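One chain, chain A, links the two complexes that follow: it is found with chain B in the first and with chain C in the second.
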Partner chain A sequence: MNLTIAGLTARALLGRRRILLLIPMPAVLIGLTLVGVSTGEPAQQWAPTILGQLGLGVILPLTALIVGSSVLGLEIEDGTITHILAKPLPRREIVVAKLVVAWAVTTVTTAVPIGIAGMIAGSTGLGAGLALGAAVGALAYTAFFLALSLMSRRPVAVGLVYIMLWENLLVQFVSGARALSIQQYSLTLADRLSGDTVLLESTLSTVTAAILAAAFVAIGTVIATQRLRSFALTGETS
Partner chain B sequence: MTAIATGPETATKMSTVELTGVSHWYGNVVAVNDVTLTIGPGVTGLLGPNGAGKTTVLHMMAGFLPPSQGTVTVGGRPSWRNPDVYKELGLVTERESVPGHLTAQEFVYASAKLHGLRDPLEATARAIGTVEMDDAKDRRISTYSKGMRQRTRVAAALVHDPSVLLLDEPFNGMDPRQRLHMMDLLHTMAGQGRTILFSSHILEEVEQLSGTVQVIVAGRLAASGDYRHIRRLMTNRPHVFTIQSSDDRGLAAALMELASVSGVELEPSGLQVRANDYGTFTRSLTKVARDKGIRLTAVLPSDESLENVFSYLVAS
Partner chain C sequence: MPEASGVIHDIGYQRYNGPRLSRRYSTWSIYVHSLRSAFGLGRTAKAKVLPAGMFALACLASLIIVIVSSQLPEPILTYVGLVSTFTYAITAFAAIVAPELASRDLRNSLLPLYFSRPPHRTNYALAKFGALATAVFVMFAGPLLIMFIGLAFSSGGIGDVVVELVDLAPGITAALIHAIVIAAIALPLASLTGRRVFATGMIIAVFLLSAPISGALQSFSSGDAAYLAGLLNPVNLLNGVDEWLFGTTEDLTLIGRYGSIYGVAALLIAVLGITLLMWRYKKVKA
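Right, the complex of A and B next:
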């Protein structure tokens, strides 16, 4: 991996105000879990909503969307991308370095707090399963949104449509839609890795979820690399 | 052991930028239309009014835009979808895009590392020294003036010692001192055998920096070469000379008898002479003066400025 690009990306990402948006979400998740525990109600009553629907269904994809669409997208927006592109580097190397940083940041800001919330709500096993499921989901999401930032001028809007309409609405009515929902992959893997807990409800098989998540990562990386290879500067036509 | 000699011919070829029958269109709008040009070592100005297609041409040279038609090569290799071309190419874009959270040292060092240079620290120190940014190199770029940012960008673009340097409007926003410094820098680099191409819509800059111009007007290459030579080839426009002599009135009468002279005006600053043919007139002038016993004190081609050449080209 190209550590220079990874370092530059991490500094650019962590130095922006947009990253501040990521701080409240994990705090809200852990706070709600603590409230749930303090009510004394059985975990089945509230944990699926907080861990599954909020943690894996909203916080994970939204964080991945902000981070994944920023690592290259913001550089394209402000023009600094030319500094990296005007170097004799294979474009794949650039995409992989960006993806690794996006994945690491998303994992630290979502998978870790989701894991902690799982431990508070259930057990260490549940926490570990949730953290691992979320980490795999983070990789698939960031690869997808990174590719999206090279395919669309409005990656955040398109990403929001995917998260809200496809993953949180369509899958409820069309069961086939689950096959293309990263949220379902995270949920399935978290469920299996934590020993089929009653607190998470998954509908895909482990192998299917793992293969489809890997496909999202592979296809996202390939598309991003191809798009970056043919990156054309626009907007300066004087 | 085999030694590979790099002759001057190979070096020149490495630093040649070539466009052959290049067009580029955005949808239905033709931005660049069938441009063929070759740019070799030295300073060349890419000149044209705003919107003429200069940036499009530069972006195609730099591999940031595909030609819709034709071929663009740098050092004999196509620049589009070919990152290897950046081993020999440095680019300073017009858009003032620099990561403000880095210092110049960090920014240029990152460039050196990304180029895979053997000694990135040494290369960084050299590049920063070349643009005279040593004193401010450890400050964040966001605290720099426009000129300092521009110089930092130039340092990053030449850290790998490229044989071709492309600069889009490099003097924008610079104060006169910074401008002079940048001009010196570009001259020095050209003197080292590099190909320097810069775009500008400010004639004065091009005139001061470079005799060789590529003039783009409405997407087409309107003229190419030394602008003084271009002017002399415009035979349909009379050449204007300002002449001072020991007897302006006598000289005026004598010049009116020459077939190559189409008009003479007697002005306080001297004679304004319009000549149809540059070569014939300059040869006849000395003869006429000698025959009449008139001493010439000044002969200045007064419409050979780049501005005149440019306005003639745009008007035609």
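Right, the complex of A and C next:
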């Protein structure tokens, strides 16, 4: 963990008006939850859609995709990565610093609003469980997308295919695909940590989810470090 | 004061007196080039992997549907049903390809080169729009064609081919409508930024976020308001249009009696998207 790199990354990510782009999605989430509460309908009817599908299913992976693939991806695209690589720093430190910043930003902009929405919709327990589940999911997602930004020249496109086709489409038809879906890990953990409420539907066991999420983080970090060790700077795909 | 000694030599530059190709020709060239680059044709193998892979996946899914259908008395999906089912996955394709067409030119500051030549800014915008719509249409047409071949030639009678051909026509029409509306949503967003990361993010945020939002609004409300909440989700809107145009009268699950509103909304999105795109390229710095 290198604070200088972390600071530079945070500034590049949040500098100027870019941070404003991250605000609408949490605002929509909390707004819809407030509307749901004010209609007086039972929470079982709308909470799974808003908290599960919108919160953990779309807002969390989408934010993690943009943030996780741009902490290193933008530097690679601009060529400024050479300035970092030329410094006498272990590659591991660079990757960890980038990952921590990406995770922190994703957690603050998604896990916290999802937790607040859970608190409004149900109880403090539900809110805390959702926030923790989302935070774990954010770490796994950002580690995965960070590694992806070093493996592919078009990390967002590949990540998008993963989110839309694997997590949201294939999982509906092939239940085995759940084992490799980060969305299911955060859903399962949120469900168990909030005390098995009926508002979330989880399918994996807690231990499986925790182990696989940890594996995603570990493998993502190791691959990113390896790729950065022998990094060849080339232009855009022609 | 010394005598002026400068001389202008005639080194034989000549005016071009040959035929000049029309504006339509250059617009057509932009269209063809954009359509080819949408699928990575004429570019490196790496650029082909993703679009070609998605096209192959769509065709494979269609093939599986045909094989399953051939074992059953009735096909599990109609041609229109196939288009409706594939729309969600194909929005991902549009989100990947639209920035490829619009954002790269912005990022590499190529627009001044285009606009200093015969095509107008409007021509450029329309050519790009046409290319994206065609690319999306091809993504629908491939699976449709496989399904048609599978269903029409499985029994061998020439009558079957004609029957299937008649059934295919609504499918093609639906695919055209879907392609135009999807392109009209994706391309104006992509033309806002030169960064492909953010362009893809914006497009996909619109497609992905609208589904649960409209789903939540549907669960809040009942009856007529629930049917209208479906308008917020582009995929749902398009499937509603399919039901309105080609659906049988019994199963109007999505639209209720608001079919015409779905049709008008789709038309409105298409017109608005193209207008915004042309307006954007009128204003863009070049």
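Methods note: the second predicted complex is superposed on the first by the 229 of 238 C-alpha atoms of A that agree within 3 Å, B and C clash if a C-alpha of one lies under 4 Å from a C-alpha of the other, contacts with A are read in each partner's own complex, and residues count from 1 in each chain.
Operating definition for what follows: contacts are C-beta pairs under 8 Å (C-beta built on N, C-alpha and C of every residue); 3 or more make two chains touch, one makes a residue touch a chain.
On a predicted model such as this, the values are computed, not experimentally measured, just so you know.
Superposition model on chain A: chain B and chain C are shown accommodated side by side without a clash.
With chain A as the corner point and C-alpha centres for all three chains, the angle toward chain B and chain C works out to 80 degrees, nearest 10.
In the superposition on chain A, contact is made by A:M25 with chain C only, not with chain B. Among chain B and chain C, the chain that touches a larger number of residues in chain A is C.
By the document's definition of touching, of the two partners only chain C reaches A:R154; chain B does not. Once the two complexes are overlaid on the shared chain, A:F231 sits against chain B while remaining clear of chain C.
After overlaying the two complexes on the shared chain, residue contacts for A:V35 are found with chain C alone; chain B is out of touch.
When the two complexes are overlaid on their common chain A, residue A:I76 makes contact with neither chain B nor chain C. Of the two partner chains placed by the overlay, only chain C lies in contact with A:V58; chain B stays clear of it. Of the two partner chains placed by superposition, A:V105 touches none, neither chain B nor chain C.
In the superposed pair of complexes, A:I5 makes contact with chain B only, with no contact to chain C.
Taking every C-alpha atom of chain B against every C-alpha atom of chain C, the smallest gap after superposition is 11 Å.
Comparing the two complexes, residues 236-238 of chain A contact chain B in one case and chain C in the other. Contact residues of chain A toward chain B in the complex are 2, 4-5, 7-8, 11-12, 15, 78-80, 82-91, 229-233, 236-238. Those residues of chain B that touch chain A in the shared complex are 26, 31, 50-56, 59, 62-66, 81, 83-87, 89-91, 93-95, 97-99, 101-102, 107, 110-111, 113-116, 156-157, 168. For chain C in complex with chain A, the touching residues are 43-44, 46-47, 50, 54, 57, 88-89, 91-92, 95-96, 104, 195-198, 200-201, 204-205, 208-209, 211-213, 215-217, 219-220. Interface of chain A with chain C (complex): residues 21, 25, 28, 32, 35-36, 39, 41, 45-46, 49-50, 53-54, 57-59, 62, 65-66, 69-70, 73-74, 77, 153-154, 156-158, 160-161, 163-165, 169, 236-238.
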